[in-house]
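Below, chain A partners chain B and then partners chain C, in two separate complexes.
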Partner chain A sequence: MGNHSDLRTTENALPRSLLRTLIAAGLTIAIAAMVGISMFQLPEGTAWPTPPARETLQESGVDQAVTAVLLNFRSYDTWLEVVVLLVAMLAVLTIRRQHHFALQQTDIFDDPVIRYFSRLVVPFMVLTSGYLLWLGTRLPGGAFQAGAVLAATLLLLVTAGQAKAGPVRSSRLLLLIVLAGFLAFSAVAIVNLGAGNPMLQYRSGREGLTILAIETAVTISIGLTLALLYFTGLASRNRVDSDSTHSMDHPYDPV
Partner chain B sequence: MVNENLLRAFDIVLAISLVGLATMLLLAKDLFKSVVMFIVFGLLMSITWVRLSAPDIALAEAAIGAGLTGALLLRALRQLQPALISASEADTRLNEE
Partner chain C sequence: MTQFEIYSVASVSLFGLGLFGLIALPNILRKILSFNVLGVGIFLFLVATAQRDDPTQPDPVPQAMVLTGIVVAVSVTAFALALLQRLHGETGMTMLDDEKAESDQ
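Presenting the complex of A and B:
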């Protein structure tokens, strides 16, 4: 613990860190310059949605150009973005040495105000999440935003001690929900490949329904995954600690 | 319609606050303060996205940039430096009294 305790003084003591800072600063300035230069090279007056997206919008199944691009024209990108989130989850499981998922908080804010507030606000948060998902077909909104609100709801529920989930026994169920978004895209791809179509083509006339189904699965996946990024490892960390003598995970202990 | 000049002034204030806040949060000695400033930065960034007429990115920024990343950073900070947090909590308690 000793060499952990003050990150800031050791940072200044090493001359190598100055070099590192200079390299980081140089790279940052270079990237900022590149972004700045490219900003002046943008074509003047391109209205969104750009012509190709605007012309094919009616065929996409939704009325909102961003959703049409994300879930139809370039759904391959979104499919892989879901995988990026799964890889992040995998990294967290590796770093925190976990073999299973659990929605659990060790130190709950046992506060009447927070408890009352969470009870009041959680139903509306779930409603907002669903509304954002539904709204995504016509106005700005969609799976990612809805998923983020859902994750915030889960965070509030568990930290306020409303969800006495304990270690959720069926971590297989949680795993299934985490994978739901990826599996939804995969199902479409498999059906299409089986029928000899392009991989992510939606059935004509059913585009809107397919998009909404995929988005629902992706929303629930994103919501749970983002919440699990926070909660994974909290429970076992505490269990290990109560066995050992040091108290690194008890911030309220006087040091 | 809202006054054009007023909006431009708002944009300038927003841009200056963003750069100022970014500098402050990078240079802050207290990591806890850095995290709090990062959350504020996310909220201002979300308003910036609205001004750039990208409301969907604004929504994502507010929920993920400000909310969830803030929670994750606070958690990481607590895992790294428990002493630092209790010290800063003692500070705020002293300030409140």
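Presenting the complex of A and C:
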């Protein structure tokens, strides 16, 4: 990019963008070299202490260590991670000047082959999502993987024109689904606080069930939020192209 | 080279590649992509450390941190793309002001 225009302006001394590139290259090599050297000097065997997460796995309610860390031992991380997604969602809505959540229909790939293909694979994608969620209690898998597949399903549905039957206009319902993961964690916290327990302690013997319930809510939330992050942009871009002056007034107008 | 060392070199390379792109490339979309490459380098290193000591019993904590990190990176990327889209919608620019001036010199 910058370099192409540099070639045209070789009359001047050293173009500033070339200078910037050289400085960036030097700095990058220096930093990467330092980080690389420090990696090779990590003390043997003591970088991470003996994983305590493995020793206490039996108490977590699931048989998969990563799921146990995410949903039990360090469930604060996951709780706040769902909040990060929510904040990103709100920030994107604000930047795009949208007042409501909206799944807007688009016809980018209005093609019979793609429409048929999507109708064929969507049920299997939903099934895969549920399977990954269930698998997460024993093997690698879980809420995030299942949520990503769910988001892909929603993207395929809308971009293939399958959501034509009508854009979802109930932004309250969408808001509730987007909030489901956060609310599931909050419900556990409130119940525990009411009973005088630590905030995210799962009831003994019910850990597996609680984790699965929270994971289901988080999966649905992540799936919809990721898809909405995409759709809101799509809708607002089309609106800006066609009619930028009234974009605030009719957030749901089909383009 | 041990497996951990190969992973380390690969992750530092990705990290450096992303850092260079973040600084040197004027186009904002490329900066966002560079930021993601940089992040992938860090994730790769975390995964490598998780199984450095005993590949058959990887430590789940760094692995869980990578999963969390991916979701945060996706959120930041979506936010950055929305900002870029707004910038492009309002000004027609895909570069920052000063960098555009430089390349137009």
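To be clear about the criterion, the second predicted complex is superposed on the first by the 177 of 255 C-alpha atoms of A that agree within 3 Å, B and C clash if a C-alpha of one lies under 4 Å from a C-alpha of the other, contacts with A are read in each partner's own complex, and residues count from 1 in each chain.
Note that a contact is a pair of C-beta atoms (placed from the backbone, for glycine too) under 8 Å apart; a residue touches a chain by one contact, two chains touch by 3 or more.
Note that this is a predicted model, so its numbers are computed, not measured.
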Which superposed partner A:40 touches (first chain B, second chain C, both, neither): second
Partner chain(s) touched by A:144 [first = chain B, second = chain C, both, neither]: both
Touching partner for A:24 - first (chain B), second (chain C), both, neither: second
First, second, both or neither for A:194, with chain B first and chain C second: neither
First, second, both or neither for A:152, with chain B first and chain C second: first
Touched partner set for A:226, first chain B, second chain C, both or neither: both
Which of chain B and chain C A:132 touches, first, second, both or neither: first
Dominant toucher of chain A (residue count), chain B or chain C: C
Touching both chain B and chain C, residues of chain A: 5, 66, 144, 226, 229-230, 237
Sites on chain B touched by chain A in the complex: 29, 31, 55-56, 59-60, 63-64, 67-68, 71-72, 75, 78-83, 85-87
Chain A-facing residues of chain C, complex: 5, 8-9, 12-13, 15-16, 19-20, 23-27, 30, 45, 49-50, 52-53, 57, 59-65, 67-68, 70-72, 74-76, 78-79, 81-83, 85-86, 89, 99, 102-105
Touch list for chain A against partner chain C, complex: 1-2, 5-6, 9, 12, 15-17, 20-21, 24-25, 27-29, 31-32, 35-36, 39-40, 42, 45, 47-48, 51, 53-54, 65-66, 68-70, 74, 77-78, 81, 84-85, 87-88, 91-92, 95-96, 144, 222, 226, 229-230, 232-233, 236-237, 240, 244
Of all residues in chain A, those that touch chain B in their complex: 4-5, 7-8, 66, 132, 140-142, 144-145, 148-149, 151-152, 155, 226, 229-230, 237, 248-255
